[in-house]
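Some structures to go through are shown next.
Below, subunit A partners subunit B and then partners subunit C, in two separate complexes.
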Partner chain A sequence: MSHNSKKTGEDEPGREQENTNSRRDFFKNFGLFGAVAAVGSAAIYSGYNYEESKPGHDMVKVLTSDNRIVEVPRDQIKDVKVDHDKLQKQGREGLKGHRFVMVIDLAKCRNARKCISACQGAHHLRPYEYHINTLVMQESEHTAPYFMPKPCQHCDNPPCVAVCPVDATFKRQDGIVLIDNERCIGCRFCIAACPYSARLFHWEEPLMAESDKGKPYNIELNIPQRKGTITKCLFSSDRLREGKLPYCVSACPNGVYYFGDENQDAVTNGTTKETFRLSELLRVNAGYQLMPELGTKPRVYYLPPKNRLFDFKEEKDPVQETT
Partner chain B sequence: MIKRYFSLLLIVLISLRVSAQVWVVPAENEAKKSPFAFDDQSRKAGGDIYMTSCKSCHGEPGKNNSLPLVPPPPDMASAKMQGNSDGALQFKITTGRGPMPSFKNTISGTDVWKVISFVRSFNDKYVQEVATNAGPGAAVQNVKISITWLKEQSQVQATLTAPSKDKVIMPVAGAEVKLFAKRYFGNLLIDEPRNTDASGKAIFNFPKDLPGDSTGLVQLVVVPSSEAYGETKADTTLAAGVPTYLPPLNEKRAMWNVVQKAPIWLLLSYTLAVLGAWGFIIYVMLQIRAIYKAGSRKEND
Partner chain C sequence: MASEVNTDFLQNKKLDSIAADILKPVGITQGFIVWMGFLGIGLLACIYAYYIQFDNGLIVTGLRDYISWGMYIANFVFFVATSLVGMLISSVLGLIGFKWVKPIARIAEIIAVAFAAIAGLVIVSDMGRPERLPYVIMYGRIQSPIIWDVTVVTTYLVLSTLLYFLPLIPDLAISKGRIDHAPKLLQQTYEVLSVKWSHTSQQYKILLKAVRILLILIIPTAFAIHTVTSWLFAVTLRPGWDSSIFGPYFLTGAFVAGSAAVVILMYIIRVNYKLDKYLTSYHFDMMGKLLVLVSIVYLYFNINEYLVPGFKMKTAEAIHLKDLFVGEYAFMFWCVQLMGLVIPIILMLFKFFRKPLSLFVISIVVLVAAWFKRFIIVVPTQDHPFLPIQHVPKAWTLYQPTLVESAITLGTILLAVIIITVLVKFFPVIPIWEIAEEQNEADHKINE
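Now for the complex of A and B:
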């Protein structure tokens, strides 16, 4: 190539020709350059437009879990997938090495109904939907009446679980009987099978259906609740996972509830936070179970309403009566 | 006239009710004083405890927004509240009465004084009196507790030591200590509170039937009853319990369990019934085929 150009450089007419050629070339190149420049600038412009149209520049206000409103660029937002499978798995397995047990001291219950409201608050239930209910009891005309809180008995031989056709309700290794609202088909066999009437059917849209929409389903909390399925006492298994006492137990102002672990032979009172030997508490106070003749083996024990701490007939305001 | 009598009766009843509300504090508790001087740090720590344990009923101090209970929980800045001596406040917080729960097991001795320190910050006229460094209530600093397991006697021995003024490690005598076994939801009191002897030792009888983990390990906690010994406590895991292993409650084969854990007789009879039904159907089909074949053979003949 260089050899060729040298040759033309020595040749005069050749140079003349080259000059004319170069002008032509110049215009040709100029045109080419112009075209390239036009295309390039168009590309840059469209790129700029693209950058502009990208949502990276505007900020979005986001509410954090600790209740602060923060601004983040829109393109930095990533959808966090709360691990639904993990919730399901841990809910099915239960807590290893525990056998949870509840003791209800009927002598102390004044029908304050704090357990009920705490439970309804935690599980998004209406005031007339009960996981736990306080019944007014009187065995016969001449026996003393008393209040009896009645949650699910979490039986060791649960008839409700035996009849479930879809494995929606199940018993875990820690003794808790749970219900999976995502599997439940609403056949209500379990309601018919339960001798303690501990189960509840959502005939209508649940209380907080709107605000709970889109939340990942927590099998240990039954939230979001679902219309056309069963809900029941869960022994607050979400709280037990954190080593805390159930909602009802810690809400009771009168020291009615004891909750603990049969494996450790200990139950803790929800009001005084005092811990007792389970075996001793049941032996000394003649603890009993509801309908043991059915062979359901409940995990809830009752202490008889001996030496009741209140006068039943004059019972008006449970809070006032405690003073 | 009847109305007047009725209102008179009502007034009498209400006044009776009010007089019944007087909360009697034993003189010994009334005179009790904090083992440490209140400072900004104790006020802040006490404030944190107040916000989690007390605010729900007593409301925010100085805002008179306590819950409408009977009797009404007094505001922290009120004269009624500040009229209590430090000892009376300590007694009332730890004992509780009616709707006011006892915080004996939920707020530690030192933390109760921190809460009182916070409460006093709403009283400008308050001048603190700290417990004097003499007598049985005297504060002892840097107490160390060690726990040993006496297997032969089935006893737990706690030894309390503290450096004296000359920085010589001395046993702490005459201190009441409590032994707890840690359980999932709280601490179980073992034996009774015991006093340390002259050599700083307290011996607890340990129950022979307390379940431990699968190897018999139990986490033990020794805490002095009096907050005069500061926030010291010992936390040790010892093989003092009975080795306990209870299998998971859903391990056994049962009617209610999942298919894999159904009773053998149920699995067998179900399988046999299904096989029997299908076997019969197949047998019938084969017989029909045999009849058909026999028929077509006859036709060909």
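Now for the complex of A and C:
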């Protein structure tokens, strides 16, 4: 499948260049820095300017949000409270002008599970709590089994959002379905409604409840996680806001994931960083969606597990082993 | 209910004896104290169980991500279902003009009020964040069936309470001079609650009009509460829930559970209060016939619900149905269908089994089966989601209710029984004035 994609590049060298550029623009366009960085650097700067003329202080090197290393006096460093309301507002609005999509190439997945651990690390989840899970699939007895990473499908007709009684889970303009754990009442109707089993519930205190205590709630990262509420794959919307690829996409060593913007018809492979035309990639490789007959209109596409790069070898279940 | 009330019955000698019979058990007795003490201690233990859950989260239940609705939701459906009988007996049968429901109507309303009131609590026991309950009103979104459910269950509770209370007012007025044996506080309560009722025919006219309006209003409300409750499942895409007959299927099932509950309460009242003059074998016979009728209708819906998908055996449905028919849930499934439906129907076709004691026993079996039927509807469907359950702890794939969970569920049942006990013990359980009026009319007919 990957040689198909390459061929597309070779046929149209100009196209490849164009794609790379558009990708650069694409990430530059929404390369707005997080509220933490912006407010933080402003505070650091003011301290820096003021103290610049007075030598003899204990100086500390800090990295500003525009990647410059500056020195500030240690006693001038202040913790900056990030505006909770701002995080909520930008989190609910989403990133204007984008329609995010993910493409998962099943031919390349060998169950490295790096996507899973990166995701669980970022979202402070236990090893058996999955925003993304790699399933072993087999259509019928005589067909070959394959590994299938399964994140939230970020449906355009999301059954979970339809049933939520309090607007805790919602669909953003950029296509991402998020969950607000400050609103969630824990009725679990969305779990019942989701055909992809994409949602999980915090039955007990979340893994890092203690250390996350007091952090301003970032709805795009869903941290701090809260007991008695739902959590789910967020398409790493906090990373997208910074112009980066999602945690799982960047962590994959095997080039399984492509991520990008439907509006720009471009997706970037998280491993090779090559950018492809989305429509072309799906057409040439016979891309498909999971259970489209349910009418959920998923935003995650799969490329079929044909000509697999890796043989299927089922490893011992990592969770069953430890629990 | 007659449109005009002849207040002559107040002068009738029979009123005294009727009132004496019905008011005799009112008040605090030793048996009552023991019974309430037993319920109270049980309830305290169950409240402690809820405290454990509130403190630790739902981890103390057997629920996990895949089977995330279990005993609590089944219990909720059971409570809503049982409460529907108030509508069936008072409204449907009453408005059609069946005279035999008169002494039973209040018993049915007591069950409706108690079960509808507790249904709300049951749903809170399932919430991960019970303290956020006000959010349902603050941030409610109209397209979520949960909001519809909250709205209609509350409406039904209000209407049922009014339907219980309004016809009680004349009785309280009749009773207030006749309960010297009861505690002072209760006498004062009667005084207040009887709202200066003076038995004028004008008052009766207004009362009957109000009750009639309520009886009509409560029919669509009752249909709505259980239909909407069924939609909590039917609006999802899951095989086993994704069914278009879920509304009527739940509704007819509700009448079975409710009728059985009424028979049980009737029998307990009849035996303990020695009211066999008012709750006669005839009433049990009629309730038995009603139970047969609603059970047959429910059986019909069961056949539709299981036979049609069973004939086609679509992939996902087939896994679910095999689990029910021959798999993990087969024992419970067939017990519920046979003990709760088929066998009672056959038995109750014979007059012997519609006698008070045998009908009481059958009703207990039917009611217990009705609870497990809700479990069968709620739980097995979640065992088989569309995508396989993998890489999770083994315990997550198998739902086993825990002790804490069972205790909380038991607590809600105890609470309903407490409400029923209080209403049955402190207020007249049979409408005195309606019985007296009926007697009076009968006397008149004989005299003429």
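Just a few scattered comments:
Everything that follows uses one rule, which is that the second predicted complex is superposed on the first by the 232 of 323 C-alpha atoms of A that agree within 3 Å, B and C clash if a C-alpha of one lies under 4 Å from a C-alpha of the other, contacts with A are read in each partner's own complex, and residues count from 1 in each chain.
The definition used in the following text is that contacts are C-beta pairs under 8 Å (C-beta built on N, C-alpha and C of every residue); 3 or more make two chains touch, one makes a residue touch a chain.
Just so it is clear, the model here is predicted, and its values are computed rather than measured.
After superposition on subunit A, the partners subunit B and subunit C are seen to fit next to each other with no clash. Look at A:Leu294: by the touch rule set out above, it reaches subunit C but stays clear of subunit B. Of the two partner chains, subunit C is the only one that A:Arg183 touches; subunit B does not reach it.
In the superposed model, A:Ala162 lies in contact with both subunit B and subunit C.
Contact with subunit B, but none with subunit C, is seen for A:Gly243 once the two complexes are overlaid on the shared chain. By the touch criterion defined above, A:Lys273 reaches subunit B but does not reach subunit C.
Subunit B and subunit C never share a C-alpha pair closer than 6 Å once the two structures are laid over each other.
Put simply, subunit A uses residues 159, 162, 167, 317, 319-320, 323 to touch subunit B in one complex and subunit C in the other.
Subunit C makes touch with subunit A in their complex at residues 56-59, 61, 63-66, 68-69, 126-129, 132-133, 135-136, 138-141, 143-147, 150, 232-233, 235-238, 382, 385-394, 396. Every residue of subunit A that touches subunit B in the complex is listed here, in rising order: 94, 96-99, 156-159, 161-162, 167, 170-175, 243-245, 253, 259-268, 271-277, 317, 319-320, 322-323.
Remark: subunit A residues 128, 130, 133-137, 150, 159, 162-167, 183-189, 191-193, 195-197, 199-205, 227-229, 290-291, 294, 317-320, 323 touch subunit C in the complex. Interface residues of subunit B facing subunit A in the complex, by the touch rule stated above, are 20-21, 69-71, 97-99, 101-102, 104-106, 181, 183-189, 209-211, 213, 244, 246, 248-251, 254-258.
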